[in-house]
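Please find the structures below.
Next come two complexes built around chain A: one with chain B, the other with chain C.
Let's look at the complex of A and B:
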């Protein structure tokens, strides 16, 4: 019996955003990554077009982090000692993008300086041809001190600068505007605040095809359903034509996962929880895939094995079933 | 439109100070000004007053009744304080604001209202909170609030159902449902109970400069659904002008015509369309944008008018 699949008709589309610039475009990237453009909800291939696959950014840190699980550090090995080596390893592991997180202390334990942040950023750009996201520690004053010189030293690279938040976006947006970069706009799981920040950033004159939004989320078991609902609502609004919600979304699935007890703790947990490493990677992969299905265009991951597994999931989700 | 003046409200810093100083002159002045501005009753929201409610409420009744004759609405959760105030009332039939369908409140508060021949505001809120859907809110009214009134022989004409306005900033999905709850309540019981809402709640947590516009657009929409009573600011001249335009069907200005169209569309269970609006007129465009957020068609943001 033939079954007719009901289809929604949408009037809006997610904006296309291109991260990175090749030499011809004023940068030094080997490739660029374009996300967005969808005219339907995630992976509803029968209903609209999804011109660009969701992509995987791999998080690296400007020096070997002392607050990361040793499961992660063991997996990356010596590469984690040096951001350039780490970026190369991430690229080999299958990253589409590199996300460089700047820790507020440097390798020597002293507060990070703008000079060392610029050095680390440039080292990563030289080591890998992938487009880059640079996220500062998340403290307004320090973030501005670091991101402005980074933006200037890498002018034209179309780096994504983060994190623009409602209390601290002006300086970061101005730095992106002046140096041909992009920004990531983060709000705390709230559709109204997400939209408001997009309006404020747009008001500063940064074209919205240089903005991605990070609606924040929680890991599996830690509020992912709230994050899911917010992302779904933003995406529905985008497809209904609300211009200020039509930005691609980034979520930090790895960061959220590696805060959870299930990923972090190997001892003193019920035996039924099984092998620690396998569980932690499963947690990151399941979190990331759920977020892809709620509309994420970029998932930021931490474990090398998660990269391959999420990539395989994206391959399957993007396979358009043959008609009939 | 029957307006219960909202301005004696403990959220206001001036009210808070005047109350602490027992500044009778301040409250008498605020009462007189609201009544002169058209308030037909006065809400007295003095907070829970756990410690001194039984002293503060009678004092307030005495000083306010010395200067105005309108009904006083006791807006508090402190039933003993309310009762002390009710004993002091000598003029118009007072109002208790409010009970809800939470078992303990619904048990006690209507009995006090009956004892003192007070009207009673009843919120469509049960112990699990405020339902989003219009139908669920109406169900609370007809299955819990009205039956309780009947049970104790309290006149349904004195039971004022408040289906609860929530803010467009954070509870946006409630806004269109409230309009439908107001509409449905009028046919859910025969004769229909009076219905009232706290209008300005719709713009709680909205930047101050945008609040009056949201209030009056929502007011026009609720009038379209049949609302005839609200707790509101009687000194908001723009709000009162919209109410006047609708009541007198004054189509003499373009903006007035738009408010009438908005009202009529809601009354007909239709929606305003872009063709109804002259988008080149900033005032009309702002009304259009406000309707879109209040119907939950466009996500609210503080800068929604700039979009």
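Let's look at the complex of A and C:
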């Protein structure tokens, strides 16, 4: 019997956001990455348009992060000693974007300086032609001290500056405005908080097609269901026409995963947890795939094997089936 | 089509007799419309009304139960597309597949550890649900031997896989008295398979690549008297599978389309890497049963936890047991920190301390599963409750230094807590868990 395919009708769409600028556009990137634009829920190709695939950002750090699991450091090898080499390795591993995380302390153990942060950022820009996200350590005052000179030194590159939160978004947004960059706006797993921050950022005059929202998530087993549902609710609201939710979403699946005991700890854990390396990668992949299904436009990952697996999953999810 | 509360009310006796447990017939009608009660709760409803209401009262996705030796796995009866709209009810059943050409010994060796597998997650023991036995040989005797091998190592429910009715009949005979899932019926064999399902009162999986094909088959099979069905929309990519599962769920829930109002089964594929990803999607997006080809603890653990997370009722937060949690083998001189029993709060705090490698005693108070600020605002996390927990769990006997660290968000409680615990030093810690390691290193 012929069954009519049930299609939801949506009035809204996610904004398109382009990260990076080529030489012709005032930057130096080899390519740019555009995300968003969807007029339907994730991967519902049969009822709407999904012009851009979700992308993978690979997290690197301005100097060897000794607090990272050695599973990660071993996988990246010597590349992890130098942000430029690391950026190249990340590109080879299949990154669409590079996310440079600035550690609070420099390689010498002293607090990071604005000069060294700018140097690291420029080194990464030179080493890889991929568009860049730069995330400061997450301490309001220090973040401002670092991000403003970075924004100025890289004017026109359309870098995503992070992390703009309710307590410190002003300086970061102003730096993005003045230097043709974007911001990533983070709120704590709540639809209304996310909307509110987007409104505040918009009120400062930054066009919303230069804002990505990070609704925060927990890793698998550590609150992923909250992030998952907040993202579904944000995306549903966006499709129903709520302008302040119509921003692409970024989730730091790698960061959250590699905080968990399941990923970090190999000894003294229950035998039922199985092989450590395989488990850690599974944890990151399951977290990332579940969040892609709930609407992530950028997933930030850490392990090279996770990158390959999540990329394969996105390929399959974006393969538009033949009509019918 | 589903009836509204008012339409249902008109069919009820309208006597407000309260025998159903609700104060009025209208209240009962509203509950019926929301599918939260069964019509059978009303002892006075007329036969005529019953017939009219039966259609409306039936759940839009039929509840199907696989049974064996005291074990049950249920799927169906779901009511929403997105978990935040209410909740997902029947956790996806996870099954591991064996093939009869592996031989009985190899089968037993694969089934036994998977059957015994139990992993603790926030105080719950999570396990697999059963096994799928496939006839690769197409030989009834070999199929029976494989089933016997599974049964020698596990009493859990079974999914029987063969398209050949003669082989399936042998399998069903071997599981007499159980309700295994028969997999399955297709356009070629449905009549014989439906007959077997009827004889053995076993649910029948229906296989089809399109909605049309599936709806065709379920209607024919229902016509043959079989009510309990499970759908396998066959797709070759993750995207196609997601689309089919979503379309079927929508038709059942939003259009009350009976021919597709059944739970779904998914096969995660035979590549171990792709299997994890396919199973992740199947758990999140609507599968009632998932069949895995491999049993590896590191994979099964992640899938069982995902299932637990997705099927958590959003209105009932997961709680951890109040008590004293020892992190990184603390010694008596190590600090005592206090937090609430909301699982995410607990994990955030415990993870930061554990991840930093710092030893400490974490006192988890009963805040009825709320986070620090919410619990404080609701009066579930105050000086009195914290002091009560300190005494109840005798933390003073474990430490040499009576010093307790409060979350920064409830700094306001420090004065009261000093009054409640006069021989303790009360310190105010950081507001966010992420700042705890630095605080512990610098201030303690």
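Throughout what follows, the second predicted complex is superposed on the first by the 324 of 324 C-alpha atoms of A that agree within 3 Å, B and C clash if a C-alpha of one lies under 4 Å from a C-alpha of the other, contacts with A are read in each partner's own complex, and residues count from 1 in each chain.
We adopt the following convention: contacts are C-beta pairs under 8 Å (C-beta built on N, C-alpha and C of every residue); 3 or more make two chains touch, one makes a residue touch a chain.
None of these values were measured; they are calculated from a predicted model.
**Student:** Per the contact definition in the header, classify A:242: touching chain B only (first), chain C only (second), both, or neither.
**Tutor:** first
**Student:** Between chain B (first) and chain C (second), which, if any, makes contact with A:318: first, second, both or neither?
**Tutor:** second
**Student:** With both complexes overlaid on chain A, does A:203 touch chain B (first), chain C (second), both or neither?
**Tutor:** First partner only.
**Student:** Comparing chain B against chain C, which has contacts with more of the residues in chain A?
**Tutor:** C
**Student:** If we overlay the two complexes on their shared chain A, which of chain B and chain C does A:225 touch? Say first, second, both or neither.
**Tutor:** A:225: touches chain C, not chain B.
**Student:** Give one of first, second, both or neither to describe whether A:233 is in contact with chain B, with chain C, with both, or with none.
**Tutor:** both
**Student:** Once chain A of both complexes is superposed, is A:275 in touch with chain B (first), chain C (second), both, or neither?
**Tutor:** second
**Student:** So, does A:2 touch the first partner chain B, the second partner chain C, both, or neither?
**Tutor:** Only chain C; A:2 stays clear of chain B.
**Student:** Where on chain A do the contacts with chain B and the contacts with chain C coincide?
**Tutor:** 233
**Student:** Within their complex, state which residues of chain A touch chain B.
**Tutor:** Within the complex, chain A touches chain B at residues 190-193, 195-196, 198-200, 203, 233-234, 237, 240, 242-245.
**Student:** Can you tell me which positions in chain C touch chain A when the two form their complex?
**Tutor:** 82-84, 117-121, 210-212, 215-216, 219, 237-240, 242-243, 246-247, 250-251, 254-255, 257, 259-260, 273-274, 276-277, 280-281, 284-285, 296-303, 305-306, 308-310, 312, 314, 343-344, 347-348, 351-352, 354-355, 434
**Student:** Going by the contact rule at the top, pick out the chain A residues touching chain C in the complex.
**Tutor:** Those residues of chain A that touch chain C are 1-3, 5-6, 8, 43-46, 138, 218, 220-226, 228-229, 232-233, 236, 259-262, 264, 270-276, 278-279, 282-283, 285-286, 289-290, 293-294, 309, 312-313, 316-321, 324.
**Student:** Residues of chain B touching chain A in their complex?
**Tutor:** 169-170, 172, 297-304, 306-307
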